[in-house]
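Order of writing sets the chain letters: A, B, C and D. Residues in each chain are counted from 1.
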């Protein structure tokens, strides 16, 4: 096992979790407006997958639940905290909020699955222009039943674009157990759109990193799409106000026990863990403090009259 | 072979073809307004499938190309000709035209695949109310890539509704060879929505009748959906103005040779064929003549002020 | 009783009294009871009558259309009004057409919570009922805190014509007052008695100089403007709040002000307010100003959001300017 | 040159001069060249630049958005304007938001043929560009037979802001006249010089009593009305035809009539015309009437369709009545 790599990944995972917990605390104290979707429990996917990205060449699309993706990609805690507080120092100056992030080649939006047609378009553009790089798109199990998602999969299959679809199947869409409202299997329908399909239980960040690395290389070379389903679990509420009364006890128990963050933690020397956690806690606290003090944006600057 | 049944089916198929040819002639002479989509070559499916329907119990949804479905179901040539001419004696008094028909439990619309969510809803209502009957829905290969179609298939799979989806795969969407813009296979994606899938090459109307009869009984009994794909072919233009420059020569040759209408015709005694064709030609000519003479609808009667 | 309780009670009554009523939507069953808790508790009381849907707005909007064609009365919930963008085809090219072209009485209500001022950002704050205004065969209805949301919902379900029923997220928690005293100052009365009434909020005795016309959740900002106009500027205003957005006969509204300000939460350009103002000018012959959101997406950050959406203070300022311009 | 030839030539120029321009749509390649033949011949001349799409309007509208995000200039064709119902979410919640909220210059044109009077029935005759009017971050542009459709398309493709480009099915076959004599009677001139100009059709010398304001294909009915008013009623009219529907500054239109009649093909309630009329009344201080389709789906049968859609004869009648009412 590569302990250095694991320590690096653990630090990023712990950063995400600490960030999400801090956000929960802010909301609980009424210090944040709007809404938020945390990614506690799913950090290993964001970190393992996005460790491979070439930010200038590749393009990444996120979802409504993309704090983790953003932090895995950029590490910019202060900008994200600022964005959630609606501050001028935010990722897009507070214009977007938790669900609407844009940073270089990374975009998210609040319509579940709605980014996927664009993601295929970016990949098609790469193909047409003969540019390198791939498009990595996160999506949820719930979003798998949306028409735009299914149409996007068909387009990727028909035009054989360099897309990697990363399904974070955490079993729930909000409170709905997705399986109960879904016909058939994701595997068969994905294959039915002409995409190769891989499934993996997302327990081990190094394993995720290794697996995704293979797929990433393959898509970079073949310029053809792959669909990758991660079994995962959200160990927090869907959004700020969710009491989680709907959880399936067996699922909950399994994933509490197999939290990928704790697994990574257990594999590292205690000393390393302590150092990392202290550093990250300081970093996050500091970032939120600075964000609190940052100014609000000025409408006159952010919102220009129409052309 | 049941010659009586075949003669009956042949008569209906020949009625549809004669109707479509007459419509083509009217358009060519500039005697009809609007547009029209003929079903020449596909008559055996309409006739074989709809020979089973109980008009009061079952529900049927058509497409933009539903003259054949309507005639197979009702035999009402005069009303359909009137509808196409915009006459008061039309199926819905000329309000709808070729693509917008409604007659009892039979509805069509001009948005390809757009009727399918409704079709699942009617079937769900039957299930909820404990009523007998099934819902039979026609769709095209092109329409298989629309989001609403795919969402409807998922809903039918998830709620296990008594739907029979009848895909008339004539290989083209307008001028597009559907296969070239479609990822994967219809079979795999349909199964991926939790629906059993059956494929059949639609050459023989008696065989279609037999096969559909089995499926029909099964769905009536199990109250669960089935998806049935017919390989077929359109031996006419997509719409009134189509010069058919896009046809794939091998497909064209195969289906010219295997026109199901001619196959049925060859299997019948010459005398029977002559009698049927004469009768049908008279019937159609008479219906169009009467439709020409029929009055136009009155806006004051058809379009009431809003409530 | 709060707005949400009126709605919940009405849905409960409908389910209890009419076995053909069904609810469709995402997460509407227990233990969630809907993203805004409107259906909380109901799936336990009425097993099988609330159908939790997959994330498939087009699909289940159409599913409801089929149920309506089969004689049921579906109430379909779209979780946020912003997502009606996904169902425009099913509603405009199917539901509305079946109703009028195929001449089928359809009982169909599409409920959706709309509106901003909450920092939810660009795809969770819009008032997109505008997409359905003016489409033949559809009725757009919006309750408010002066009109009983439950009664409006019952009327909509039994109308026999498809209804887009626009609720407001912030109104859910507010109390509803349909007659009598409202706060210390104002009185509520029915200005136009109708299945979808027009309610008036006014001072008990004094005749108003200006009439506000509005609908839905932005009423809150209008009421504040009405107060500030009185206290800070000694301008007396009344407010008429409309619940039938598409078919309400604004031509004959009993307007008592000499000038009219029509306020909507959505973008003012090509919106509801300008249409209403146009009709008031033509038919009542009174000068009418339309106010609404500025021409920008709705940002998340509070000062930006409040710059874009109409606020009490902007309503006050623009009303005063308008009164000056419109002085005879 | 006919309207369709202007468009085809412009697309050809764009493809030839700018390698980032791509066309997406159903059946746009040879031998079909598009349902209305706008792209006829182009896929042979520019291999790989026209991408025939599956029937998947949501999907490929979004595909184009991604291409635009990646710096290309897609021109997306939706075969009939009625089907834009399917892409409202991609356009409103994605394209428009990316452009303004994410502050990305996007070159994106969605072309679609609109309009009725052809007996195609309820789902193939609508003018649904109204769905996009007033949505921030979108521009709605419509050519007409007095404004060069090709020039407008080129401007739209290079604007850096998403454009919904609404063509008219019946206009395709009509000749375009942008300056000088139009028929025996009228003269065309540019009333407002702009990237998206306003064109005027008028008698050469006589000042008009009434000004029509309109856009797109219904101009045909307006011109007929203009003729009949002159011949049958001795009323002189001019017509101003707008090409920038969403952003055109109608507040400052050089209107020469004492009264204004705004005509659109779509349903008059909550439509473009009433918004324009509202603004003209407020800013130009002239009485302005809005006319459009009646409140019904568009039927196939000719007498029914012509009852619903605005016709020259209805325009004449209502204009005369309005002039009478609006006489000072």
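What we mean here is this: contacts are C-beta pairs under 8 Å (C-beta built on N, C-alpha and C of every residue); 3 or more make two chains touch, one makes a residue touch a chain.
Quick caveat, the model's predicted, so the values are computed rather than measured.
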Lowest number of touching-chain links that must be crossed from chain A to chain B: 1
Chain of greatest Cα-centre distance to chain D: A
Where chain A and chain D are represented by their mean Cα positions, the distance between them in whole Å: 42
Gap in Å, rounded to a whole number, between the CA centres of chain D and chain B: 35
Centre-of-Cα separation between chain D and chain C, whole angstrom: 31
Of all residues in chain A, the ones touching two or more other chains: 95-96, 100, 109-111, 145-148, 151, 154-155, 158, 180-182, 306
Set of chain D residues in contact with two or more other chains: 54, 56, 58-59, 82-83, 86, 89, 93, 97, 101, 122-123, 136, 295-296, 299
Touch-based graph of the chains, sorted into line, ring, star, complete or other: complete
In the complex with chain C, residue positions of chain B that touch it: 59, 92, 95-96, 100, 102, 107, 109-111, 114-126, 128-129, 147-148, 151-152, 154-155, 158, 306-307
Of chain B, residues touching chain D in the complex: 33-35, 83, 86-87, 90, 93-100, 109-113, 142-143, 145-148, 173-176, 178, 180-182, 243, 245-246, 296-299, 302-303, 306
Chain B residues touching chain A - in the complex, by the definition given at the top: 145-148, 150-151, 153-158, 180-195
Of chain D, residues touching chain B in the complex: 26-27, 31-32, 35, 52-59, 82-83, 86, 118-124, 294-296, 299-304, 307-308
Touching residues (chain side chain C, partner chain D) in the complex: 82-83, 85-86, 88-89, 92-93, 96-97, 100-101, 122-123, 128, 130-131, 133-137, 246, 266-272, 274-275, 277-279, 281-282, 289-290, 295-297, 299
